[in-house]
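Two complexes come next, and they have one chain in common, chain A, joined by chain B in the first and chain C in the second.
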Partner chain A sequence: MRLLRLVAVAWWLQLKMRSRSAFDGLLSLLWPGFFATTIFMMFRQGDASGPALLSAAVGSSAMGIWSAVSTTAAFALQMERRQGTLELLVLAPQPFALLLVPLTLSMATIGAYSMVATLLWGRIAFGIDISIADPAAFVLAVIVTVFAIGMLGMLIAISSIRYRTAWALGSAIEMPVWLICGFLVAINDLPAWVRPLSAVLAPTWGVAAMRAAATGHSPWANLGWCLLTAASYGVIAVLVSRWMVHSARANATLALS
Partner chain B sequence: MNSLRLFFVGGLISYRALFGWLSPWILVPTFLFAPLFQIFLFVYIGRTAGVNDDRFFLIGNAVVNAAVPCLFAMGNTIGGERNAGTLPLLIASPAKRVPLFLGRALPVILNGFLVAVFALVVGALLLRVDLPPATWGGIAVAIAACSISCTGLGLLGAAVALRVRETAVMSNIVLGTLIVFAGVNVPVTAMPGWMQGVAQWLPMTHGIHATHDLAAGRSLGSVSGALLTELLLGAFYATLGLTLLRWLEWESRARATLDTA
Partner chain C sequence: MVRVAEPVIEVEELARTFHTRRGLFRRPGKEIEAVKGVSFAVERGELFGLLGPNGAGKTTTIKMLITLLLPTGGRARVLGHDVVKDARDVRGKVGYVFGGDRGLYERLSGLDNLRYFAELYGVPPRESKQRVGELLELVGLVGREKERVEGYSRGMRQRLHIARGLLHRPQVLFLDEPSIGIDPVGARELRVTVKNLVESGTTVLLTTHYMFEADELCDRIAVIAQGRIVAQGTPDDLKQQVTTGTVVEIEVFGLPDGVLEKVRAEPDVQSVAVDVQGQAQLLTVHAQPGADVTQAVMAHLEGSRFGRVITRQPTLEDAYIELVNAA
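Moving on to the complex of A and B:
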């Protein structure tokens, strides 16, 4: 119960802080919106309709969740370092990885705002019929996807702790993940060597589950894989963070130089 | 002579000092990796949506990536000075403003040009898109025109940075606007009328259109009108930027503060 309270309180605090940031709050809403608008126009130009257009709308809207996490998660620990709070996080009497869960979950939650905004934008500006076949399963799929992307963000955050300009890495992996996780392009349309990479990325399963729920197919298998991959990120993140904290204690520093 | 020195030497020093993206740890992912994946993303989406050909998306997305350094580096000419604490020194200096800021634009233009050329060449090789050697010269001229015009818009952004602290957010919004409106992934002619109207006033629109024509085999002379319009737009935004800089600088002196809050 104490751990849940820790995650909930820290998530709410981080969410309020990020909502007031122009970069994390405003740009996380607008940036995927520019791409979604372009994509809606492309599909309209290709005379897409019905399920194809709905599928594009779901994929475009989910882009915002990843977009809100990729750059900010990669830079999260550099920001803590810059603010002088990284030492406090490492010294806190809780596992370091656990303290990062609410941080990256708050980013993914902002992405969920972006997702709703993009779906509304598609409905209002492009007249896309957002008829979700199984709304309850769709909402569950969104929640699981937000959680899974948050966990992936945590892994990225911990892995990039020694990379001073990690924001550039986070920014650079934004579009590759949109592409190889099948947000808008069927995985089968990608080169065969990409598919194993898609399979180990949780967003692939999350987006597939959302799309299945929206079009009336069963999302449960995809949701299971999404949770499994997210859990494996958590395990890896715990191991990496233990090694990182041990190294910091042994060297008596968290500084990069 | 002093102005020439300020233009060339000052511009180069400022670019190296203020544009922190020249580190290979930023340069490689931002200028080499990201543009290629933007091209791949839209090529595959285009195939899924059943519109246009790979070459259309290759050209649009390669050329628009020239805007990344043009917008962000120019924004940093003021934003970077503010972060470094040297903005008051810059404003107080007796240097002529036109060579000072246009000199800062020159390396940025070259940077934007090289980013777009790299994305176009490597993208064409990886996607096996045929760009005949006879078209290379004309395409290079068109990309250079796009880099120049976009740097003009970046100079306007630099002026706004005297009052807006979040220059990265502002530059991202401008870049997103170009991706939607400038005919990068959807031909301008396929857009609603009001969007076509906006597109005509944006850098990149005419340059990207000219690049498509050149890649299709048209001569440089036949697209000279589009390229001239592109350059005139760049000059328009640069003039607007220099004027705004002068006015905001005057206001800063009158109010005795450079703080934006």
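Moving on to the complex of A and C:
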């Protein structure tokens, strides 16, 4: 209970903080708009229609969420370091990984705005029919996907506790994840050796669940896998962050000086 | 069961060396021995001062005690917990406040900053609201708490910092140069706040490079210079430990060449310092204990134009400067 409350309060305050920068706010709306436009136009040129376009809309909105998280998650701790608050986070008598959950979750939540924007944009500018077969399951799948992407972001963020330059990692894996998680292309079209990688990335299952709910298939198995992989990130993060914090104390990388 | 009062902070031969690495391939760079084996103990309820110039190793020492840095030598215990082995126990019981204007979330209000840290530091939800209110009262931010920290003055930020450090009712508070960059009035209010805290039973370890701050506040002081403790005791002890006799301060307009050396060579002169003050130079001469060197010094200055000449007893500041210079 205590932990849930911690995550909830911290998530809300982080969200407040993040949504207060007008410039960032604008960018987080514009970016997904560009992605979506590009993708819709490409699909159109390929004479895609109906379900294929809806699938593209779902995929490109997941891209928006992931982009909002991946690039900022790794940078977030660098920001905390600059502000002098990273040390204060480490001093909190909580597992460090837990403190990162609300952080990246708030980013994913902002990313979720972009999802709504993408779907609306698809509807208005491209006339994509966004009739969702099972709206309740779809909304649940979105929430679970946001959570899963937040957890993956946390895993990225952790490495920058110890390594001051690890923020570059976020940008480096932004696009590979689009591909590997099947946001736009079918995973079955990827080379066989990539598939295990897709399977351990929680967003893969989240997007699959969203698509299933949209088209009237059962999303539950995908949702289950999504939650399971996301939860396992939590366990990994707790272990890794313990080591990272220890190493940061040994190497004096918690502060800027 | 008889409980022997254990010191709240026990530090034995604590040391920390930094390795600076440069470049992509991590060529080993310089080694900096920031803290070279310091030992001291702080009793419950005490206000203990670590006094030293910039770069002396004060922050490094504090960060080892609050578990942000691992020592490279020696041991330290805070409230009986080892700072390496029982880091989590230490974290829950100590508060940390540092000077300057970092360490806050600029885009949040003061109130939200406190709410956030109250959650992080595990303040029970039922108490949280009341505790935040109490602390805003204590540091005098009531009425301004809903404004964003961006718009706070240095002094307000510092007070918010202190409130943050006290949220979880720490038994020991570490204050690292809390008065840096705030105006004299703010600094005085801060000292009053710190005194009140100590009166209410909190043990405080404070670092400062302001002598008078240490003199006014601290029960005991350790003077640290270049990573070593060079003296330790109550402010009065330190004044007495000083081996300097009377101090002569002479304001001279145009100090002739070579005079400094001649004064320094006087048998009863312990040390000489010159400080340029506008048009004049202020010559500060420390005599050996029991000696009076005023006449001898004046004799060397024959023909120069003087301002005021003062002969006085050594202050804690003289003691401090002497200790730091000798290190």
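Keep in mind that, in the parts below, the second predicted complex is superposed on the first by the 241 of 257 C-alpha atoms of A that agree within 3 Å, B and C clash if a C-alpha of one lies under 4 Å from a C-alpha of the other, contacts with A are read in each partner's own complex, and residues count from 1 in each chain.
Here is the rule we use: a residue touches a chain if its C-beta (ideal position, glycine included) is under 8 Å from a C-beta of that chain, and two chains touch if they have at least 3 such contacts.
Because the structure is predicted, anything quoted here is derived from the model rather than measured.
Contact with chain C, but none with chain B, is seen for A:Met17 once the two complexes are overlaid on the shared chain. Contacts of A:Tyr163 after superposition: chain B is touched, whereas chain C is not reached. In the superposed model, A:Leu179 makes contact with chain B only, not with chain C. Measured by the number of chain A residues touched, the leading partner among chain B and chain C is B.
In the superposition on chain A, A:Ala136 makes contact with neither chain B nor chain C.
In the superposition on chain A, contact is made by A:Ala92 with chain C only, not with chain B.
In the superposed pair of complexes, A:Met42 makes contact with chain B only, with no contact to chain C.
Shared contact residues of chain A with chain B and chain C: none.
Chain A meets chain B in the complex at residues 22-23, 26-27, 30-31, 33-35, 37-39, 41-43, 45-48, 56, 163-165, 168-169, 171-172, 174-176, 178-179, 184-186, 189-190.
Those residues of chain B lying in contact with chain A across their complex are 21, 23, 25-26, 29-30, 33-34, 37-38, 40-42, 44-51, 166, 168-169, 172-173, 176-177, 179-180, 184-186, 190-191. For chain A in complex with chain C, the touching residues are 2, 5-6, 9-10, 13, 16-17, 20-21, 82-85, 87-94, 99, 246, 249-250, 252, 254-255. Remark: chain C residues 18, 63, 66-70, 88, 91-92, 94, 96, 98, 100, 102-108, 112, 115-117, 119-122, 125, 164 touch chain A in the complex.
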